[in-house]
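One structure coming up, written as structure tokens, with questions to follow.
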């Protein structure tokens, strides 16, 4: 029952890793020659002027990693337990919409690559293939990312389908009620191809037209009319048989309130800089969220990771595991399932090299003490505590 | 009684929004092809080396906006009450001189655009059309910006005319007693065209020649001889039937003294970087002024705003509403009244999107807690309070 | 008895201010076309890699100037009393060596320009014309800068000649015992022309050759053998009929010790970045020196001033007056005495404009409260005290 | 018994200092024309993206050096006692592998240059010539850098050979258990030539192939299986007749533990940025290490030094002496032994000039009080303590 590739994807199907991929981040450059420019602009760009997109990337440079010496790391590993499952490493794939934009096999290829490399997979509501199709080829380490639908019965249907298809958790995305358009995508002239559709949502009701009075706000009475509210979350928590996670948290008070409401875990994220341009860099928001929820509450993280060293910093600042967004779709474009698996393997090894150099035999040993401010200037540098 | 367009404006009259205006800031770029270069240099440049001009812009990058989740914003709005009037949103038009430089309809077009988009209008003493002409086409949300004239009777005449023409308040500009020339305008060879005159001031006395003794200072005994002093303000406060605001405040002690003197409200401003090159960025000066006058005293703000997100930050840091300067005249140059109205609509929607993402249902909910330092480095980032 | 111009200067004698000089700093650019490149490199460059040279310039951007409103400045002025003399403004000319490099009239032109513009003049030990020749054309506001000579009797002779020629104070330069060569001058191939000599030092003994043993240091046993020491200062203080100032102070402990020793005043300076590459920017060193010597002790300042606004900041941070170095010789190259006088006039007016905008009616009102940090980021900005 | 130059080096043998070497750092530029690009990329590059490499360099700009006045420095010197030996100055040569890559005489030339200039020499385990060959031409100020070998008996053999050949100390490198590949070297296509071998290690066992099970980590169960551990250090300390130093320390807790274990001294180093990309700049790590081990424990330092001024800062922040890495091999490439000797002489004089300007008559007078933060912005600058 696999769908034919839609005509919007004219790329030939890649079959091998091209030369010159020395590190995970190299998939970014390699993808530029595989993806038509408007599509690349859409994928690579962020909301508005890319302020948050660039802040996400720049935040890693705030921190150095302290090398440690002589520790016995022969039994070291990067395994973790998450939502009741054992994962071989903390590199997960973020939910990314419309993956047929870059590869005819779309999310099916991605799922195969994730399975081969042992990576947990978050499947998007807006996937090119249906969640059931993806479930057929994905490993059991799969979660379903949910956008609430205009009609509650459609949201419930999605939920039941995800339960039935063996997804292990629901990840409710909350940071995209409004999205500022991307200047980069606008200027590149990107438009979603007509045959690029959200396979999961066929037959569901589209958003109702706003029908505003002259003195009403297109934002508040228009767009925000459909936005999820606390009551929607309560309904979902009550009706779901799967644990509910929330994706898109930056503020510590939101984190605390969500935890208190019964949410199983959070994803600290600003939607990869694609939502509110001007939101804090994910990595800068992370420590305050960790402080708000306490040391034992599960936190995932995404935002700008391009290397295992970046992942190390996020894990040290409070994340239990990290999600890979853009690099995932770049690797998919470059070499399909093989590229995705290779990307994950590179990230994992880069992370483990960093752990080994930092003297950490397991993820539990990562923490702020592994890091040192890289850019705070000379003041106070004379005392041990300062660095 | 509308004047013919002066010959100094050779632009054709624009009739529609050109393509490529995705956001308010796009009017800046679009205007470059509509305005002769020397005039553009004069409008775009600041005093001296543009140090304050650039600081005004750069200050917005100091802050991030915290996204908040799940709040019910269906009754949200950006209305406010200002000087006894209800405004649909906090975007006002700053007083800008000589608008016929860029459009034959000048301030009349601007006033029509402001009216269409519900924006309060501050009319300049140095307008190309008279305050009475502007009043004919402007909405009731109009205030008059006053420069004190060399002869007190001329100032009084201006004041009475503004009262008679239905302006709601007087905004006395105090930060331009001396203005450093703009290097950019000098190098571009800009000179005010001979037919570009201040319509309001016809018949008033020009400044008297200084007539300095050899040991006198051209600055202190020359230029400052005409500069407004506390006694002039007291006279104005006593004689005016309209509330008196002061524009051009940066220092908190001035703010406190002006409030104590009976001034109705302040505009935190450095004249768009056109006055003292080296003055603090408006946005950096704003919090201290708000702290000095207390939470309930009315503060307007201008300086470098190019987007609704910039406006959000100024409102969060203490402004009740914001004034738009250069963008206003750029939109006027690009598309006349239509451009001005479109600019205001874009700014308002950008602001409301930012409010919605930040979880704010009204302007009263904006405050410093909506923001997070964007650039202060990693130190102290481990605690919730730090970000 | 005026010497003929040495052949090393091939510039035609300039007679008027060229167009395009809008501000004091414009003399820097204008000079590039008047001065042969190797000579320009020598004048413009600093020690080593120009680290301190650039830091001197960059430090002004750390500070903004607070505009103040409505003050009565009609009796304002920038006069000061320094070393018993009344000066019309606080712009002085720094001692600069070998001014015939850029103009055949050399220091004589400079002295005439200084006199015309009311500027105090510090005459260099290494002037192209003798101190007596300069005294003939200079105003009484002249001081003599002294380098101690290898033989004490030669130093004493210089001292007596300066006393006899009507100089008002001796300024002993102490920060140039060793000077790192300038990479810029080396790469431009600059060499001092053979006919470019220190007119004051004819007949004095040159430094003795070092004659080092193999295990001796060319620095310590070589160069530092001739360097001034505390005993030399004590001798000078005892033997001089003129007040002794010291030039080249950066460290507050040196400042305190020099004051205690009986020195009449200090020049905070790092030799315009020409001595130790890596020394702190003069402006950064100034506040600590002022704190060390107390509010009433006379401090001059130089380092990177290019405008009256720069001068304002140095005066606000603790200097009583400022010295102008490179700009002086640029103006000399561009337009001789006329250029020097014009430069001083521009600087004075720029300073007085800044004073007027900052609400200061006299130099005594300048202080740190006139300034506001320009670049310290957003933290703490919510309180009035922070900006 | 000197080996013939291997064919991998095609450079002609340099015989003199080329023009344009004004300062130590000039050897870097001069070397670019002497070394084939791939080899230069390998030498100049660091691990990964060169983040730590660039941080090493940039850290010197955080500090200014305070000039001091009038001190008597005629008996000044830069001598020191280190590991029981008298050294004429604190410039040592870091252990650098495979020096025949740039000069057929390789480490023999370097040793001759070091001897001529009185510099201590750290000989690498991975030298192109054997430690015995180098000992024949080196001065007694030679130490041996040790990499532990896969078989303990081989490590012991190396140790005994170093003892027999008159090396004065063993420097055990611990920060290179894993090394991230250099992007720069990869992209330049550098490969170690087949005839470029570690002369000291002929006949020793190579690392055993890892032989990993599918669920084992190539990092932890692979590479880290051979990495040195505390027990290896204890064995070495017990069996060595020479003092054992450790190279590659960044974290103060490692420093404290190594001192407590009986290590004779440490080298604060991140392997010149060639090991963990993202490690703190050496200069930023140094003060905390000094604070951890107390004032009297011997610390060497390397990382990014390009001038005597850089060396001054490292010495002031806690190092007893400094190691020169890349500049050493650049000077070797440019002018063989003569270049190495000249480089050391330049560095020493640059250091002594800096000492003289800072008023320090001996290394014991260097300390944090000689420095002043260069970049921490204006806040707090009004008090003496702040700068």
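A, B, C and D are the chain letters, set down in written order, and residue numbers restart from 1 in every chain.
Following the convention adopted for this analysis, contacts are C-beta pairs under 8 Å (C-beta built on N, C-alpha and C of every residue); 3 or more make two chains touch, one makes a residue touch a chain.
For clarity, every value in this text was computed on a predicted model and none was experimentally measured.
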item: Classification of the subunit B:subunit C interface as same or different, half of numbers criterion; value: different
item: Where subunit A and subunit C are represented by their mean Cα positions, the distance between them in whole Å; value: 59
item: Between subunit A and subunit D, centroid-to-centroid distance (C-alpha), Å; value: 42
item: Numbers and ranges of subunit D residues touching at least 2 other chains; value: 374, 377
item: Chain-level touch network, classified as line, ring, star, complete or other; value: ring
item: In the complex, subunit B residues that touch subunit C; value: 48, 51-52, 55, 62-63, 174-175, 177-178, 180-181, 183, 186, 215, 217-221, 223-225, 227-230, 232-233, 246, 248-254, 258, 270, 275-281, 284-285, 287-288, 291-292, 317, 368, 371, 373-377
item: Subunit C-touching residues of subunit D, taken from the complex the two chains share; value: 22-23, 61, 64-78, 88, 307, 309, 349-350, 352-358, 361, 372, 374, 377-379, 381-387
